[in-house]
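Down below is the structure, laid out as structure tokens.
Note that the chains are named A, B, C and D in the order they appear, and that numbering of residues resets to 1 at the start of each chain.
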Amino acid sequence: MDKVVTLSEAVASIPSGAHVALSGFAITRATMAFAAEVLRQGIRDLTVSQCVGAMDADLLVGGGAVSRILYGGGSLDRFGRLACVNRAIEEGSIVAEEYSSLSMVFRYMAGALGLPFVPIRSLRGSDTLAHLEEVAPSATAYVDDPFTGDRWLALRPLNPDVAVVQVQVADPEGNAWIYGPRWDNEEQVKASKRTIVITEQLVPTEVIRRDPERTVIHGFRVSHVVRLPFSAHPTAVYRAYDYDADHIRLYAEAAKTPEGMRAYLDKYVYGVKDHWEYLELLGGVRHLTKLAADPILGY
Amino acid sequence: MSEDVAYTPFELMAVAGARELKNGEIVAVGLGLPVVATFLAKRTHAPDITIMFELGVIDPEPIHTGVGLADPRVWYRAKVLSSFVDMLGSVLHGGRVDVGFLGGLETDAYGNLNTTLLGDPKGKFRHFVGSGGANDIASSSRRTIIIIRHEERKLKEAVSFITSPGYIRGDGQRAQAGLTGGPSRVITDKAIFGFDPETKRMTLLSIHPGCALEDVLGTMGFKPIVPAHVPFTEPPTPEQVRIIREEIDPEGIYSG
Amino acid sequence: MSEDVAYTPFELMAVAGARELKNGEIVAVGLGLPVVATFLAKRTHAPDITIMFELGVIDPEPIHTGVGLADPRVWYRAKVLSSFVDMLGSVLHGGRVDVGFLGGLETDAYGNLNTTLLGDPKGKFRHFVGSGGANDIASSSRRTIIIIRHEERKLKEAVSFITSPGYIRGDGQRAQAGLTGGPSRVITDKAIFGFDPETKRMTLLSIHPGCALEDVLGTMGFKPIVPAHVPFTEPPTPEQVRIIREEIDPEGIYSG
Amino acid sequence: MDKVVTLSEAVASIPSGAHVALSGFAITRATMAFAAEVLRQGIRDLTVSQCVGAMDADLLVGGGAVSRILYGGGSLDRFGRLACVNRAIEEGSIVAEEYSSLSMVFRYMAGALGLPFVPIRSLRGSDTLAHLEEVAPSATAYVDDPFTGDRWLALRPLNPDVAVVQVQVADPEGNAWIYGPRWDNEEQVKASKRTIVITEQLVPTEVIRRDPERTVIHGFRVSHVVRLPFSAHPTAVYRAYDYDADHIRLYAEAAKTPEGMRAYLDKYVYGVKDHWEYLELLGGVRHLTKLAADPILGY
């Protein structure tokens, strides 16, 4: 079944208020083109989740599309903080459920495996848990190990409405491969009601059948497949292109103030019709060619 | 001899961290000095160390310095590229991690770490990176080593927010939270600390060459336990400094 | 028309099984006739079916007949090669499987399946294959379809050992065990059965062309519910028979 | 660290009474050479476990090395039953904990992830569970979902003393790749205290670093690496060699009676000094060449 559509068609399938799991990790495989299109379409009141906060979540929060975030903390690595997310938390303009990387991925895993809950050693004794119990009292509970009687923290399964995942290779059905570490992406996809795959390379299913051990996303879980080059820009896609350090610095500087962020959005999100215009604004083929990954190094 | 070697405070911290690692141990590390220390140990006395990054990377051999764990530069030549569930689940929560190597905004007399916020959690505060895998590593590693700048604002009697629990407020509170392990060392640019077996309060173990006891105590926000005799920290060897400068961090990003 | 087509009882069973599958459904299958039925559906009215084998195989396109799920012949040209946790965990236990397709040594009036042993479990018995993924599939699929030979010893009032629960002994016992779903059809070489919505007891739905009601009832170990009017099963079409013989099971191993 | 040893050295590390998880599934990637060497060394009283019983467990049981088996049922596919396992169960000469495939792999998974227990929907309402509660009362319990109050069956984690896994590619440290479906092998390895890797191909770590997404067994979990060709014979190793149908038929026929099994063991296990002599007894290179897998088909 051919599920290939344009980015705007895929984004249009997401209603305001939906829970969207994002594939980004800091400055890599972040769903940037997706986030920009969400803002252009005026989708609002989203819940976004990911184990480690990334630039995609920061752009969505900066554009006012998010009312709740579930994440394990995050940054732009050495480029700086997730300024928009942090400011929104400090101002109380979004509700932030803060976890750790493992407690987030265990919530996705429980959702994926159909477990009613999952016990975990993390979070206990921390203010992170104390804060979480305030903002999301139904996300955690305590359970006694029926074998030893020991008390354990239990996490509620997480089942997002849709996972949006940036991959290197996919076929028209949505069967997809991810090169490099996959962090929480497999569990996000398996826990979500459906998945939107955004891929660098679109290949015939014939190619998938040649190396099926690599297929970490099953086609039947996928509702839309979008083939869009540099759709994670300015973040990196391993074996495809490197992060655009200059642009991330420009973003990090702009995001420090609401005014700066406003100007960034006006120019790079609202100032362009779509991702193709965005790429031209950056300098088109000439600029993007500089980011192409070395085939051996992968960056 | 080694007295002749010039080294930066960060190089000394990295070397002190490396000395804490035994051959064959499995080490969970965040980026920065912990990585420099772990790579140094692996290239010197502990070649069989297994290095694990939370997002799904084991034993990489980077040839370029990365900006963070998400940078493909730090994944280069890894033996395993997998996932959080594989690393933090089956390796860490599964009980295989010997050492967790952590940094933070601030730590305290009981080795609790704060990477979440500064200020008043209920009122005006500034929010930072949060936990990532830090809370998980602090909760499930056999022992944790903390590397942090020696400043009054970073070494407090009690952190303003416990992101990753050490011994909490002592008195067996860590065990009451269902946790074993805990911090074994705190390495700063002025000294090395351990924890009192009974009270779990931070205890001065050694002072770096060139630092005075008054200087060490006068620049921290609480009074650690100070034994009668406090030796000087063993300085880096010329070979250790060479490896850091030429092989591990040639651009001096972490240890310069 | 199709009356003219010669077909074997197994071909009819496979066709009847295929008709139960809707396009787009996710189907968990063991080997044998269920595979023939599912491949037939995928090649005819249901091209978007997803076929799943428990050990970690999705949508293979075998060109040689295998001796079982462990035979690499049945993995050929799969879209996914993974694991039990992926298939039985994230697909089945995760609630994604629409249809589970099962066979067995014996089934009973409430669609319970026995693949474990024959005889007295407490005394003298003969032990067979056991569950494999059958119990899991019977417990977590939205509905299950049972394909079994129509023999008195295979269609009993109560199986001697419940490996995979159907409606257990009726009376909401399946729900009391925390299970939803349950068997929707039992397909034999003489008839097709469903289950009474209230009592969950097996109910005769159709008789295969050429079989008489007495023959059907006289060759089973219990009395199913028999409606006033029982139609004949729709026979296979020439195209369906051709696809089975030429494309799916050319060696006639499962449907010959 | 180089962990490459001979099969007999690796087997000698296993004490009688140990719990050994085996990688076989029916007639594929079964640890046959390992099982034969266990019998030759006279190791006894083993507990063996695997999600689906395979020919390796049947040979070990037939040779009297097993006192307890944990499995989800199994067969030699169309070649027949696991005659030795079934006979031992019928005679009561071994204790059999019978599960389903998922409940077995969930026990391994809980052991791998350090979960104190794992809830599951399977087994309830079955005689399989009733029987399990008799022979292994401490393997299962009931737990209430702290979020909904629903009652769930809980499984105790499983942590075998050693996993023995037949792979296609491994390096001297034990980092290993498995081609084809992996069934329960990843969870077996991660749940076990240590792992013995038996590999068709031994490659430099350099090769592992070229495709690290494939590394499903981490070197640090491995105590011994054995490089031994056709070490799963007569079962199949995907992309290496096909199953030896004639030999499996010969085995299945022999295994039908204790006398037949005795004769098989005397000839193919005790009648040879080691795996090399076994391969010669089969007909050496000339015979094995017929089994070599086609590079495209994988069998």
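One rule holds in what follows: a contact is a pair of C-beta atoms (placed from the backbone, for glycine too) under 8 Å apart; a residue touches a chain by one contact, two chains touch by 3 or more.
Note that the structure is predicted; figures quoted are calculated from it, not measured.
Visitor: So which has more C-beta pairs touching, A-B or B-D?
Guide: A-B
Visitor: Distance between chain B and chain C based on Cα centroids, please, to the nearest Å.
Guide: 58
Visitor: Suppose each chain is reduced to the average of its Cα coordinates; what separation in Å results between chain A and chain D?
Guide: That gives a centre separation of 39 Å.
Visitor: Chain A to chain B: how many Å between their CA centres?
Guide: For chain A versus chain B, the centre distance works out to 29 Å.
Visitor: Can you list the residues of chain A that touch 2 or more other chains?
Guide: 114-115, 121, 150, 152, 180, 213, in rising order.
Visitor: Can you list the chain C residues in contact with two or more other chains?
Guide: Only 81-82, 85, 89, 93, 140 qualify.
Visitor: Considering only which chains touch which, label the overall pattern as line, ring, star, complete or other.
Guide: Topology of the interface graph: other, matching no listed pattern.
Visitor: When you check every pair of chains, which ones turn out to touch?
Guide: A-B, A-C, A-D, B-D, C-D
Visitor: In their complex, what parts of chain C are in touch with chain A?
Guide: Counting only chain C, the residues touching chain A are 26, 47-48, 50, 58, 61, 77-82, 85, 89-91, 93-96, 140.
Visitor: Quick one: which bits of chain D touch chain B in the complex? Just the residue numbers, please.
Guide: Residue positions touching the partner: 1, 111-115, 173, 175, 190, 205, 208-209, 212-213, 215, 218-221.
Visitor: Where on chain D is chain C touching in the complex?
Guide: 25-28, 51-54, 71-75, 77-79, 81, 86, 89-90, 98-103, 105-106, 109, 120-128, 131, 150-153, 180-187, 236, 238, 242-243, 245, 293, 297-299
Visitor: Quick one: which bits of chain D touch chain A in the complex? Just the residue numbers, please.
Guide: The contact residues of chain D facing chain A are 114-119, 121, 138, 141-148, 150, 152, 154, 156, 179-180, 213-214.
Visitor: What residues on chain B touch chain A, complex-wise?
Guide: Its residues touching chain A are 31, 53-57, 64, 66-73, 75-76, 81-85, 88-89, 92-93, 115-116, 121, 124-136, 139-140, 161-165, 168, 173-174, 176-179.
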